[in-house]
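I've put the structures underneath this note.
One chain, chain A, links the two complexes that follow: it is found with chain B in the first and with chain C in the second.
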Partner chain A sequence: MKRREFLKTVLDNSVWVILSIFLIFNAFYTPRFFTVLNLRNILIHSSILGIVVIGESLCLLSGHFDLSVESTLALAAVVGSLLVKNGMGIFTSILAMLLSGGMVGLVNGMLIRKVGLNAFVATLITYIGVRGTALGIVEGKTIWNLPPSFCFLGAGTIWLFPVQILLLIGLYGVFHLLLITTRFGRHVYLVGDNQLAARISGINVDRVVVSVFVLSGFLSAFAGLVMAGRLNSASPLFGTGMVFEAMSAAIIGGISLRGGVGSLPMALGGVLLLSSISNVLNLHAVSPYWIQTIRAIMILFAVVLDSLKRRLVRYEE
Partner chain B sequence: MLLQLENVSKSFGEVRALENVSFVLNYHEIVGLVGGNGAGKSTLIKILAGVFPPDKGRIYLEGQEVVFRNPKEAHNHGIYTVHQKMEEILAPHHDVTANIFMGEEVTRPLFRSFIPFIKVLAKREMEKEAEEILSRVGIRIDSVRRPIVSYSGGQRQAVALARAIRKKPKILLLDEPTAALGVKEKFQVLRLIRRLGKEEGISIVIVSHNLEEVFEVVDRIVVLRNGQVVGECSPSQATKERVVQMIVGGE
Partner chain C sequence: MRRVALVVGIVVLLGLLLVPLALGQEKKLVFGYSAPGLGDEGQWNIQKGFVDKCKELGIEVIVTDAQQSPEKQNNDIETLIARGVDAICAVPQDSAAISVAVQKCNEAGIPFFTIDRGVTAGTVVLTVKADNVKAGAIAGEVMLRLLQGKYNGIAKGKVLEIRGQPGQDVAEQRAQGFHQVLEKYPDIQIISLPGYWNTEEGFKITVDTLTAHPDLDGIYYHADLYIPGIVEGIKAVKGEFAKVGDPGHIFILGIDGNPAGLDQVEAKLADGVVVQPLRDYGALIVPIIVDYLEKGPEALPKPGTVLVEEGASWSPAMVVETAAGLEIWTNVFYVDYLGAGDPNLWGNKPRE
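Take a look at the complex of A and B:
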């Protein structure tokens, strides 16, 4: 019984265990891995994906897919940069960006709850449509040379710390607290776990789902702002393929695709693990083509661990 | 009399599901509704639960006429239904407390003195109340913090019942409450139902196919056949054979 509890605790925190082993192993066997500069690099590399993963995780926890995150990111980056280049104030531009993301989320939520589309189909529509809109607005061109204040969130530092890293930590903290301490957060989990039960007990499922998608849209747009700042440019092709990375990270972190199970810190663990792996492969000068293969193995591994954990908790006759 | 139905009829197209049914439920009484398939048991219970209104007839609750247009209005009058598959109304990966309080979570202000509008879940209070309810009705469960998936079918049903009890119902409608359970668990749940009726003073209507269990718990049996009430008896005075005869009809 004791051993079982211990095993469960380990499996509950599997990402952190694997991440620690991975870090310790590479501290010895990968030259220049365990340096402040490199670790900082990993964190910076994680920040944009990490912010997108928060939104994606919110949707997954409520039992829905959101494929549109990467397109929303590109749209927001393009919209904000275009406005700021055309003489609009920094704050208005940023506000417009975030609103564009929120609008995409609202459309997703409405398509799912009011029109009654499957989340996969609804967000596939916006995934394609929003990317198209982003490309159309700037006719496929990249916008260069953004004002430094606009780039602060993506490239600035506060004392010694890059703003991106602080944002990553701050956002994870805030959203984790939102999920586990508030009624809204509890309802997100409950809707994901058993939507019918949630509805019968008087939870406003429409409101929860639409809010989750709007939040996801806001977060993706915010990630777009950080990305534009880091690269000092905005391209309508930003974040291509990122939705799969985001889902991988969430799954590796133990968030169930069926909804209702998982937590944000674990998803962050997934993000950090993915970034560390690509980092190590880079340091060893492994061809980037292999990264995908390794990522696939990681996901397989995570899913196997997850089913093992479920078997431990389930009631047995 | 807690609840009274007067000449209630309900048709679905050509099918007459209920015909001039009158039915009484007293305070602190457990009534078993029995009958064959299509006798009208479920229709009767759904009318009481506010799922659909009757075509004709009146419903009186504590002497006052009431009309339920939807389940919510029935809830507001203290009438709750627990369905056949109670598990379907539970969130499997959430702990017992979260399930008992689903949709009615208790919150407290994060900082009482300033910014009182930021509210967080009062987890301690909810856990304490959940434990109180469970122990009061004699449901034994190791921990309210463990998820529903880690409990057996009977325990899950018990949690579903505990959730209904927390709402302090006047009337509990149970639709085949033990249909999906094993023998041992069936008796645990039946004992729990009996206890709710006697100690908590909740009036209960049970719909069941299973005469054994009806005889085990109810104070009165009402037999329906072809949408009509064809007989009433108390389990201490009638034999099962007599009830079966009423269910199938003929002499």
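Take a look at the complex of A and C:
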């Protein structure tokens, strides 16, 4: 019994187990990997993707894709930076950024629930349209040299801790609590698990889905704010290709594409694993021509390890 | 019956109205321009230069934007063929994928030109691009000089190279030129990593490499868009950024010369940049296309000649016959913070 419980704990936290194995292995085999500076680097690299993954995970848990996250990030970065460069106050600019993200989320939610489009199609439309809007606003120009206060969330530190890392931890904490302790959180899981049953049991599915997309939009926009601060610039090309990384991180973390299964701490594990893999490849300065292949093999290895463990537990049972 | 007569009357009247128009006006040239994506400053400026020159010469241009999709670019070009344009000029997103569209263009008898990148198959009349190998080599020579300056004339040190997209010809050539120069010096170590033309990736590479090699001496980037990531990456690891000339400064130089890049060089964030005449590709190629349409292949510049135009940033340009066809390789040159403010550089010209 004890053994089974142990195995269950391992399975439930498989991504963290794999991450730990990866960290321990590299502590021995990768020079300068296991240093405070480098572990801090990994957390910094994880923060922007991590924030986007919270939004993506909320959508996936409710049984929907959100492809528009990376475009929303770029739009928010461009909108906020443009406003702040044109003399608008920091808070107004940030508010406008977050609102732009919320609006994209609202449009996504409405397209899905009110117009009746498939989430993949609806968010594909906004994925294209929103990046297009970002491009149109600045006509491909890069905005740089932003005010330090605007960059605080991306590049600032509180005592010795980069704000980015504190934000990552804080946001995961808040949204994890939201999912497991509130009625809204339970509804997200129920809608994702079985929409029909959720509706029959009196849950307002429209409201849950629209809220999830609005939250995802807000979070992506927030990630845009952090990225603009981190890079002290904004470009309509920010976040290109990030949606695939966000989905991979969530899936590696065990969030089901069918909805209703998974948790945020696991998704965070997925984010940290992906960032650690990239970090190790950079530290080893792997050939630019092979880096993608090696990254793919490492991800495959992690996923296979995970599926092996699942089989093992099934066998034990 | 009366209605039929009325319709016939109107048609005849319209026809009569159109005859003098057709006779009096010479046929206006229409060019198609297929951009790979207008999202970055470089592509936007190449396109702007092309469109401006066409306007100046009274040519109509239809611009399409492939949004980084090779497939969309093929569709765009097919649409331009269907539209019956007189000539098509493209900046290929993917040199191989575009070949299908180029061959269709050849079949339709529409001359095809490219800027910045070549194509794998199909006939291209002429390609105008910067000499990227030379640009990489210039960057390599400047880096060598800076390292020798730091180490009392000895060529040694560690340099990070943030590449573009591995496999893409521009990134390969920029790497090739740089390596050609520095690989002669065994004490100079080059760490090459791909940044995929992504600012955030440039940040991550800078941070990780500085962690693995705290004694890094210099950073060579393949595009200006990496500069903010490099500067912030150094800040993130070292806690502060030492500008050009300050103690502890890490040499930073690369290729492009777009507005943000020049600003950053002028602000002493980077040591310098090898500038390409992106905005002037159009000024060079459009008159050649017009001549070609009028006089045929004789109008093309002959391989081995050097094109010179007083005051043009592309000048001098070399005409080269390559395996891919006839190419014009434009001038590239290095500017440091003293020269970065020059209003004649394309990056300092107003956008409109």
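Simple rule for what comes next: the second predicted complex is superposed on the first by the 281 of 317 C-alpha atoms of A that agree within 3 Å, B and C clash if a C-alpha of one lies under 4 Å from a C-alpha of the other, contacts with A are read in each partner's own complex, and residues count from 1 in each chain.
Convention: contacts are C-beta pairs under 8 Å (C-beta built on N, C-alpha and C of every residue); 3 or more make two chains touch, one makes a residue touch a chain.
Treat the numbers as computed from the prediction; the structure is a model and nothing was measured.
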**OP:** Check the residue A:291 against both partner chains and state whether it touches chain B (first), chain C (second), both, or neither.
**Re:** second
**OP:** Name the contact category of A:261: first (chain B only), second (chain C only), both, or neither.
**Re:** first
Original post:
Once the shared chain is lined up, is A:196 touching chain B (first), chain C (second), both, or neither of them?
Top reply: first
Original post:
Just chain B (first), just chain C (second), both, or neither: which does A:283 touch?
Top reply: second
Subject >> Per-residue touch tally on chain A - higher for chain B or for chain C >> reply: C
Original post:
Which holds for A:87: it touches chain B only (first), chain C only (second), both, or neither?
Top reply: neither
Subject >> First (chain B), second (chain C), both or neither touched by A:116 >> reply: neither
Subject >> On chain A, the residue positions that both chain B and chain C contact, one per complex >> reply: none
Original post:
For chain A, which residues count as touching chain C in their complex?
Top reply: 31-32, 35, 37-38, 41, 44-45, 48, 128, 131-132, 135, 139-142, 144-145, 155, 162, 227, 230-233, 235-241, 278-279, 282-283, 285-289, 291
Original post:
Hey, which residues of chain A end up touching chain B in the complex?
Top reply: 181-183, 186-187, 189-190, 193-194, 196-198, 200-203, 256, 260-261, 310, 313-315, 317
**OP:** Give every residue of chain B touching chain A within the complex, in rising order.
**Re:** 72, 88-94, 98, 102-105, 107, 119-121, 147, 149-152
**OP:** Please give the residue numbers of chain C that touch chain A in the complex, ascending.
**Re:** 38-41, 43-44, 67-68, 163, 166-167, 191-194, 196, 198-200, 203-205, 207-209, 211-212, 225, 228-229, 231-232, 235-237, 258-260, 263-264, 267, 351
